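These are the structures in question, set out in turn.
Note that chain A is present in both complexes that follow, paired respectively with chain B and with chain C.
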Partner chain A sequence: MKKQLQYFIRLVNFEFERMYKFLLGIMIILILSNFAGYIIGPLNYVSKANETMKLESLSTTQYIETYGSFSLETLTRSLWILGPIALGIIGFLFYSIFIWYREWLGKNTFIYRLLMLPTSRMHIYFAKLLIIFVGIFSLLSLQIISLWIGSFIISSLTPPEFFSAMTVSEVVRTGIIFPMILPNTLEVFLGIYSLGLVAISVLFTIILLERSYRIKGFPLGIFYALASIGFIISPNLVSLIAKNNYILFNSELIIIVVIFALIVGLVSLLISRYLLKNKITV
Partner chain B sequence: MSKYLKLIAFLSFTVVTMSVYSIMQAMAQSVEPLELITLEGDETYADDLYLAGYVNSDVNTLNPGFTYGHGKFNYVADLSFFNQLDHSLNPLVNELTNEYRSFLRGKSPYATFKESETQIVYTGTAADVYWSGELDNQLIISVLDKLTSEETSYTLSLPEDSENSSYLDVRDTYIQYPNMYFTIGSYNVATESNEFNIYAVNLEAAEPQLELIRSIDPQLNEVNGGDYEQQNLDSRYLELTSVDYETTGQPVSGELYIYDYIEDKMLNIPDLETLNSPRILSSAAGLFILNPTEQKYEAYQADTATDPVSLSKVSEISSSGSNSQLIPSFISNGLLYSYEESYTDITSQIGNYTINIQINDLNTGEVVYRGEFVSPDEQNNDVHVDYLDQFGLIE
Partner chain C sequence: MLEVIDIHKNFGRKKVLNGVSFTADKGDITCLIGINGVGKTTILNSIMNLTPIKKGEILIDGQPQSPSMYNKIAFIPDASIILPGMTVQEAIDFMKDYYSVWNDKRAKDLIRFFRLKATDKIQDLSKGNQAKINLLVGLSLDVDYILMDEPFSGIDIFTREQIAEVFSSRLVEDRGVLITTHEIADIEHLIDKVVLLDDGAIIKEFYAEEMRENEGMSVVDVMREAFNA
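Then we have the complex of A and B:
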């Protein structure tokens, strides 16, 4: 057991070493973009405010009543913050696919060496799954730190009369993106990232189906993905079938969706295990 | 160990940051707290109040919901996640969710519920629960016996000629179990106007059926001042008005009429013509008409036993100042309960709007209670109740 754990940790470390440069790249882009926004955002706002107040002969109070004040929340709606988040999401989606396909690149396909290791083949699977989430949460943590530092920067660059102070906790509760990636209730956080875990598991299963059955495997994988999505969202069809939007309480609907998602996750794991054990052979 | 250094560093950074962030989130106030302070009168009057609405504390945040009852504020954001999902500002719906869940299942929480000591009555249309599909003209009534937990449901077809009407809408309900009265609105496509009909049903009849009691004059195209939500299920009186939407492009209210469900008659109140957009309230003590004048209301009691109905002045109800609008809401045990929208001159970015609660002795006009929603933090002038959704008494 101890030896298996050691192998697993080594695999995780190995995958991390391979991901490290990619993750660092996205982190650097995030820092640079966010900090550029923390400096350029307030300066642009003040410049635009002064211009508008001059043009429309407005006082500061009148300008704020008409156009609103400047806060950290204003910046979180800009590309300076949203851009790196989008890049991170797309990047990790791409990396989730690349993390498998890289094993088959080149003449001496590395997958065979991995499969020859004296450890359960599912450790390879879980190491890859874990490292994706280590990367995602590392990025999230950096974003939180960045927002915290940014709140100090913009408060010092924005004149007090134009500035509306908001804590990081308040900022992440507004808008569309932040409540999704940093929900402020534990249940929503666990729910969203559990669904994310299931989504990555399904993606891994599609990849392993393709690698196992090649040309036939890809449409099989797509069919599996569509069936999984259909199964997870099927509780929402209950209201359509019953012609009653209140046949299930909101809490019941969420619980059923989560249970169905966990079932899909479990099925994905079992299929992936079967494929790794029996279909992807050395 | 050195080969794991990078992994350990990243994991430590992630774990520490997320842990500190989670603690900060848990400690952060999700909503600015509120207090209802007594500005005038006896504070014990506030103990029986039930209030629900939304708090505004900052222009950049969503307005969180709150309820007030038994002298305490409760905030929707402080409920558990699953309780928040099923929460309603209507206390009866919350009671049904917690204690009579199977009765509430399949019913719209936004339809009409009435509770008595032994029963809960639900009325709604098929469109209330499934508005994406065809809108069939059926009224659904469910009665829950609280003692036996037995539910009896009735599906009653509205006997309507559907050629000229496209949608039927329950605009008012009066329940005097087992008799129920409905004011059903429909939109006449041919005349492009709202029409109202009064229906009744006796739920203890062998085969309960909706019976058309009266078709309202099409000139009277609005009920209860256009308020879709504040149905007073205990009021035997229906307010009818003719509203002109065409002439000036803005709605202009015409004459006001009052219909009595029990007597099935339009009350003849000649004195109504002299009043300017009065508010109609009723209680166990009878029908009251409140006529707005400058900064106050003149309260009249209608003697519905006479024909024509005579109005006798009872008292005058004053608001607190020139920048406020008093809105009488209901009468109970000789007391008039109102809320007051006030505009004060403060420099807060969220504006200068507050809501106060006022209770008057209807017979004398005397203020027995006036309260204001404020933040416990005296430095914080930016917290106020943005919208009052429910205003009543704890039952």
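Then we have the complex of A and C:
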């Protein structure tokens, strides 16, 4: 058991070493983009404010009443912040596909070596799954740290009369995308990231179906994905079909959806385990 | 003993293996021979559980396939299977991390024998040297059985001689070796048992020495007769 755990940790470490260049690349883009935003954002706002006040003969107070003040939250709605986040999401989605296919289609066929390791093949699966989440959370942590540093830069570059001070935690609660990627209650946080985990496990199942049955496996995988989505959202559909949205309370509906998603996650794990053990082809 | 019992395998509608059964014993060099596409590589992949079989059974010392068998049986495929960005030393370290049967002293001896450098990057090596890395990694495992798929394919005569030397050395002594090759002449004198395949089935199985003594035929002669070449 201890030995198996050591093998798993080594595999995770090995996957991390293979991912770090990709992660570092996205992190550098995030930092550069964010910091460019922290500098350009306030300067643009002040210059635009001065121009508008001049043109419309507005006082500072009138300008703020009409156009609003500048805060860290204003900046989080810009491409400087949203761009790297979108890039991270798309990047990790592609990485989830790449993490498997590179073993077969890379310069050398490393899948031979991986499948011949004297350990459960599910360790390879879990190492790949875990490393994607390590990457996502690393990026998320960096974004929070960046916002914290950004709040100081923005406050120093924005004239006090135009600046509306907000803490990072307020920004995270009120922005457009942050309440989704960093929910402020543990239940919602676990719910959202469990759904993410299930989504990646379904994606892994599609890939493993394709790698096991090749061309025939792809439509099978797509069918599985659609069936999984249908199953997860079915409690909502029941309410709609029955034309009675009050059959279930919203809180009950969410719990059922989460349970259904966990069932899909479990089924995906079992299918993947079966495929890796019995059907996978080098 | 390595037992392959009545295995069947299809690729789509094409039957690749059609009831193949044979055994490979410890201490013997067993050679699977046949023209291209008869299913030699598929048999090796099936033994290593790298491709599923439709029907049949594969036993290693009486036990069915499981992850622990990879500490008992090594496979040296006809493809480079180490990450190209790794150095020879990193490849060795990777193997050492996972295999309890890894023999580090032998790995060092093989680096010297194959005239490789631990600092060489896999991607910078020639095809012949990459084949040597595959051999190094496979032969440094203290396993009971070694499977080799076309170890002489696409490499120069000097490397071929070095690899052939491996077969007569202590490196494979007492181990069961199952090999597929087209270059039968290079190792004919070392082979114990021959399994001749055609169309996914065994057409002849014999001991090379007995064939030479009783029928006066070499392995190549038997092949020629079987394939009317």
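The criterion applied here is as follows: the second predicted complex is superposed on the first by the 276 of 282 C-alpha atoms of A that agree within 3 Å, B and C clash if a C-alpha of one lies under 4 Å from a C-alpha of the other, contacts with A are read in each partner's own complex, and residues count from 1 in each chain.
We adopt the following convention: a residue touches a chain if its C-beta (ideal position, glycine included) is under 8 Å from a C-beta of that chain, and two chains touch if they have at least 3 such contacts.
The structure displayed is predicted, hence computed values, not measured ones.
*Asks:* If you stack the two complexes on chain A, which partner ends up touching A:Arg121: first (chain B), second (chain C), both, or neither?
*Replies:* second
*Asks:* Tell me which touches more residues of chain A here: chain C or chain B.
*Replies:* Comparing touch counts on chain A for chain B and chain C gives B.
*Asks:* Once the shared chain is lined up, is A:Leu32 touching chain B (first), chain C (second), both, or neither of them?
*Replies:* After superposition on chain A, A:Leu32 lies in contact with neither partner.
*Asks:* When the two structures are overlaid on chain A, which partner does A:Tyr112 contact: first (chain B), second (chain C), both, or neither?
*Replies:* Touch status of A:Tyr112: second partner only.
*Asks:* For A:Ile233, is the partner it touches chain B (first), chain C (second), both, or none of the two (neither)?
*Replies:* Touch partners of A:Ile233: none, neither chain B nor chain C.
*Asks:* Check chain A for residues that touch chain B in one structure and chain C in the other, and list them.
*Replies:* The overlap between the chain B and chain C interfaces on chain A is empty, containing no residue.
*Asks:* Under the touch definition given earlier, write down the residues of chain A that touch chain C in their complex.
*Replies:* Counting only chain A, the residues touching chain C are 7, 10, 14, 106-110, 112-113, 115-121, 212, 278-282.
*Asks:* Under the touch definition given earlier, write down the residues of chain B that touch chain A in their complex.
*Replies:* By the definition above, chain B touches chain A via 3-4, 6-7, 10-11, 13-14, 17-18, 21-22, 24-25, 28, 30, 58-62, 80-83, 85-86, 97, 101, 104-109, 129-131, 133, 347, 349.
*Asks:* Show which residues of chain C lie in contact with chain A when the two form their complex.
*Replies:* Going through chain C, the ones touching chain A are 45, 48-52, 67-71, 75, 77, 79-84, 94, 97-100, 122-123.
*Asks:* Which of the residues in chain A come into contact with chain B in the complex?
*Replies:* So the residues of chain A in touch with chain B come to 9, 12-13, 16-17, 20, 23, 61, 64-65, 68-69, 71, 73, 134, 137-138, 140-142, 144-145, 164, 166-170, 173-174, 182, 184-188, 239, 242-251, 254-255.
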